[in-house]
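Both complexes shown next keep chain A, but they swap its partner, so chain B is in the first and chain C is in the second.
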Partner chain A sequence: MLRQTAGSTKRAKRVRRPTAKMDYITAYCMIIPPLIVLGIFVFWPLYESLSKSLTDWNFYNTTFVGLKNYQVALRNPIFRRSFGNIVKYVLISLPIGIILPFLFAHCVRHMRGLYADMSKTALYIPSIISGVIASVIFLFIFDFQGGLLNNAIRTLGGTKYNFMAHGTSALLCIIFTSFWSGFGHSTLYMLAGLNNIPDTYYEAAALDGCGGFRRMIYITIPCMRNIFLLSLVNGIRGTLMMMELPLLMTNGGPNNATITPVLYIYKMFSDSAVSMGYVLACSVMMMVFSVAFTAVSFFLIKPDKSME
Partner chain B sequence: MVKNEGKFFTIFSYIFCTILVVLCLFPLVWMAVSAFKLDREVWAYPIRFFPRQWITKNFVTLFTNKSLSYGLAVRNTLIVCIAHTIGSLILETAAAYAYARLDFPLKKLFWRVTLFTMFIPNIAILLTSFVVVRKLGMLDTLWVLFIPSLAGAYAIFFYRQFFLNIPMSMEEAALVDGASRFKIYYSVFLPNAKAPMVLLGTGCFIGCWNSFVWPSLTIQSTTRYQVMQVIRSFRNQYTEAYGVVMAASAIAAIPPLIVFMIFQRDIVKGMLISGIK
Partner chain C sequence: MKRILSVLLALVMLLSVSAIAVAEDPSTLSAPPAKEGETVVQFWCIMWETWNQNWLKTQAYNWNSNPERPFYVELSLMDGDTFNTRIAAARAGDGTPDIICADYASVANNYRNGYTLDLKDLIPQSAWDDLLDSAKSFITVGDAYAAYPWMMEPAVVMYYDKDAFTEVGLDPESPPTTWDELVEYSKMLTTPDRFGMDIDNTYNMWSWTYTANGDYMLTNDWSAANINSQGMKDFAALYRDIRSGVFASQTALKHQNVGVYAVLEERAAISFSGSWGVGAINVDYPEKIDRIGVAAAPTQDGEPFHATSGGWSFCVDAHAQHPQEAADYIYYMLGDSVENVADFFVAANFAKFTTRKSVAEYLVANTDASKDERIQIIQSDIMPYVVAEPAFPYEVTTYVANMLDSIALDGTDIDTAFADTEALINQYIADQGLAGKNPKAQ
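Then we have the complex of A and B:
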């Protein structure tokens, strides 16, 4: 028996030795295509962004201007305003975007069978619908002339309201649309967290005579802390990079009330009068903000993850 | 008492869920129904959910429009999406296998380089990618739509994580039989990685189908337009005829829905598992 295994390992070694050298070749064949793609389409553009943001580049000639572009960007009132808008987006959308999916996931967890499966699937469907289609539908719903919402308001006896023409309401419309398309995703995320809480906690609490409400306060919410924090962080990061819906629904208007930093950059890019170096300086700054935010949030979340 | 409370909560759950599901699906159903309406009925004031008469004129207009062909756009987008999905599945799983199981010089460096790209937000390279692509002469071809995003660092990371959990014993047996590393990847790892491949593959397909910003930056000629670009230009073209735009949107929503319905079980399950990590 022993001899047999020794023999087989020997044979394995004999077979393996040539393959061990082949391993390098196989490995490089496998990793080089992705590295080439990343090199050409991530590192090269990144290098261009970083280097050209220090110049006064307009596709033809470049003059080195140092950090001037960054200074100008920081002083630009629209760029500043776009950050103010981000704060509004975050303050309005994140509380709803975390609490409602959590409550819903809590409800789905208590349901059994086909109905629960079906509602999970149905809720996820908006997440796979493109932003373009979502904007088409919701622009129609919020339309001033004959939109669904205004018709409903008229039916109920109110007066029509031009949602897209006022800053705050346009912002709310965009938030509603993005909430609609993200709801299913965040619900499943919450559900994953809820399913991760051991049932024994609840059984023990039930034995001690804890009601549903107290179980929620003392077990569910503390156990979900990390999930809440992570959705907060992801939500803020996602909002910071938001662009498609504002572009499609309001194009940043009215009077820049819904513009986001990324949309500002995109619009400046299409404006031929603006120096590309300046636009790139804005986008590099966005990268710095995003990376800094990620680093800080990692730092904040990690300690209590390791504690568990 | 506790039992009653439980029952009450369960009933409440069902009601709450039903309301939310109806609210979530309502816009989509409205879109589908509006595609069969006459324009004046779309905007009609006393709201009528279903049309007085179902018409298919909107769909005919869609496919016979002279300046923009919707059918061509659907074909172009399908080609790009399929190429993107298959290409990225192959490149990413192969790289993930190499990083998970093989030893080779500079492995750590390459792995760090790959992971580093995960933290670069899209906007930092979006505009200069356009410049690079223009330098490479890829502008306004279908290639430009999928080649730049063939290797996603997050996907490689995700597959690697999955491969690390596959027990060594499975490949030891194959190694003893003299199988090459490539054969092991192909016949042991790939069949076992069905779950993450379905999750990321469908995500890739749907994301590619839905993409709007990158195509509208790089594709200028209308014969290579992507579906979302066409819908967008329909919206500018038929400002009054909303039925046509609704018809275009309804058709464009179908491929992601089909893909989602086929793999629905795996996607929801995969989301529930991967959500924790």
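Then we have the complex of A and C:
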């Protein structure tokens, strides 16, 4: 191929077309650094965890026990209960965590000027507050004796209710706190996705006589598929890893109604009488569960390639 | 205007980040540097109250300030969760410090796991002979002395509001001594804004169940559950009454660690916490010193209550680079000078209790220890009856705590709950291979 340089009377320079082999070499050179980092901080610890989980390991002594740690963990009623709890967390919090931010993003999308900036800022503030502080705030709100919510109930003539004394209400309180913390983040994702949908689609639909609802169903939601998947994956990951909220708000109680796998693993890690091999076996099972959950999400949603 | 506001906001954020960046590590503020080539003993400890940290830093500072010191001590203080994580990482990477702190529940397990050394031959015999029998039993594992005990603090002490007692016509100098009295008084003390009593359901259950059961939750050789007694079932019935919501909250108002604050904040008239609560009153609510009474927790029949004795000790790590030096420093801090050790308990406002006979005598003769009525009550009514914290996995305690909550909050039948929990604990013993593994029974 010949290329004419601007204003040049010299012969056009012949540009060598890159071969597929050069592309491969370049690509592999570019992925080697992140692979090295992944190898050190992800793959090697994973290998060590897997191998140590097959042993009765206490740092200084190692005794091979095969799959015994896994069997013991699967028989442990608290560990099994924690998985049941985390499925409840995911099934309740995820739909709310996707639908409400999606609807709210629609409202913010059409705001302009100072109101839009203030809304986005106010929306995002809970996301930068740590889980520990959020726990303290909502413990105060849900407190039985002097909490804001019970005071409001009493003012309205109702009877105070101990939210943390009952499994279902304690679970819902934690879910609400988690939703409050992540609402702003999810809304901004949705807003970015909505702003990325070309206006021409809506114009064409309007010309064809589509109402607002049909435009939502046939244009907005399909175009937002990748954003929904992103929110779903982030939500699953965040929910499965939840620890600080149940730790601080209920310590996994009442009667293990709010304990999560990560909280259970954390408690076992802190107990000097428990083998580290057992703790690692629980961690590996948690990892497998998370990967499986995420893989199912990808399979169900089937992300699209870029619209462009 | 918008640009000025943006610039101002950016400056504020930058300043706040800078403040974090230049904040000094308080654990090394007082330490002069080590000389080149000098032996350095690494000492890791948990960060507690400020006065506690200051005592530890003073020990290191005084030692390191001596120009003829045989080695240098590098003290690192960190919060409890960080300590656990760092120790685990250090053990995994074989980079453990020379000296670590350990609570009495961990001492035996640490030694049996090979994490710590026997200090019997590393510390002079006189230091061991001076220990109280109870303190010595906490750190003895077989024939070994796996740590040197620092202090004792009973985990369950009853705190009560004398003014609230007077308000409802109760004698403020006569706190409840039996369960019946506890329930009766709590009902009288309950108002729309205050519960009669508050109680947690965590490690404090070691004390309550030991007292009710007459023994720990597992048999001595850890081969079977040991909870199915009439005393335990009576306690479960009491717990169910407490959690009914009539005179106590259905969930604890405060964690056991800070239980005294339920009374200090006037959220309850009676609460339970460790003896460290006395220190909390002195520091945070000095105006209420005369108002808050202290007593042993009540029992079913008025007999003595057996609180587990919490507390901390210092161990030498099994992979320490300088084990003898580490032991020498522990002896310097805790086993040698009576006055030096007594300073710690003076700084603690006598809310913690010494493990040495000579220090106890010194405190009574030379300080205000004998003048504090609350400390005298703890010393006379609680300390003689303390028992060691159990060393079995905490999950056993969790099963029992869940059983109590299930009976109280879910309405489970007592006999059914006990049978189910006993089966769960026995299954856990079989799964974890606990039978015969009690380090203090080997």
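Just so it is clear, the second predicted complex is superposed on the first by the 241 of 308 C-alpha atoms of A that agree within 3 Å, B and C clash if a C-alpha of one lies under 4 Å from a C-alpha of the other, contacts with A are read in each partner's own complex, and residues count from 1 in each chain.
Everything that follows uses one rule, which is that a contact is a pair of C-beta atoms (placed from the backbone, for glycine too) under 8 Å apart; a residue touches a chain by one contact, two chains touch by 3 or more.
Remember, it's a predicted structure, so these values are computed and weren't measured experimentally.
Contact with neither chain B nor chain C is seen for A:Thr168 once the two complexes are overlaid on the shared chain.
By the touch criterion stated above, A:Phe183 is placed in contact with chain B alone, chain C being left untouched.
In the superposed model, A:Phe269 lies in contact with both chain B and chain C. Using the contact criterion defined above for the overlaid structures, shared-chain residue A:Asn151 touches chain B, although it does not reach chain C.
By the touch criterion defined above, A:Phe140 reaches chain B but does not reach chain C. After overlaying the two complexes on the shared chain, residue contacts for A:Tyr28 are found with chain B alone; chain C is out of touch.
When both complexes are overlaid on chain A, the residue A:Asn234 reaches neither chain B nor chain C. By the touch criterion defined above, A:Gly131 lies against chain B but remains apart from chain C after alignment on the C-alpha atoms of chain A. Of the two partners chain B and chain C, it is B that touches the larger number of chain A residues.
In the superposition on chain A, the residues of chain A touched by chain B in one structure and by chain C in the other are 145-146, 269, 276. Chain A meets chain C in the complex at residues 58-61, 71-72, 75-78, 144-146, 162, 164-166, 251, 253-256, 267-274, 276, 278. Residue ranges of chain C in contact with chain A, taken from their complex: 81, 84, 88, 91-92, 105-106, 109-110, 113-115, 193, 195, 201-202, 243, 245, 249-251, 253, 267, 318-319, 391-395, 398, 402, 405-406, 409-410, 424, 427-428, 431-432. Residue ranges on chain B touching chain A, taken from their complex, read 2, 5-6, 9-10, 12-14, 16-18, 20-21, 24-25, 27-28, 30-31, 34, 42-47, 91-92, 94-95, 97-99, 102-105, 107, 110, 113-114, 117, 119-129, 131-132, 136, 147-151, 153, 156, 175-176, 178, 180-182, 185, 206, 209-213, 228, 231-232, 235, 242, 245-246, 249, 252-253, 256-257, 260, 264, 267-268, 271-276. On the side of chain A, the complex with chain B involves touching residues 8, 11-12, 15-16, 19, 22-24, 26-31, 33-35, 37-38, 40-46, 48-49, 52, 103-104, 107-108, 110-111, 115, 117, 119-126, 128-134, 136-138, 140-141, 145-146, 148, 151-152, 154-155, 180, 183-185, 188-189, 191-193, 195-196, 206, 211-212, 241, 243-244, 247-248, 262, 265-266, 269, 276, 279-280, 283-284, 286-287, 290-291, 294.
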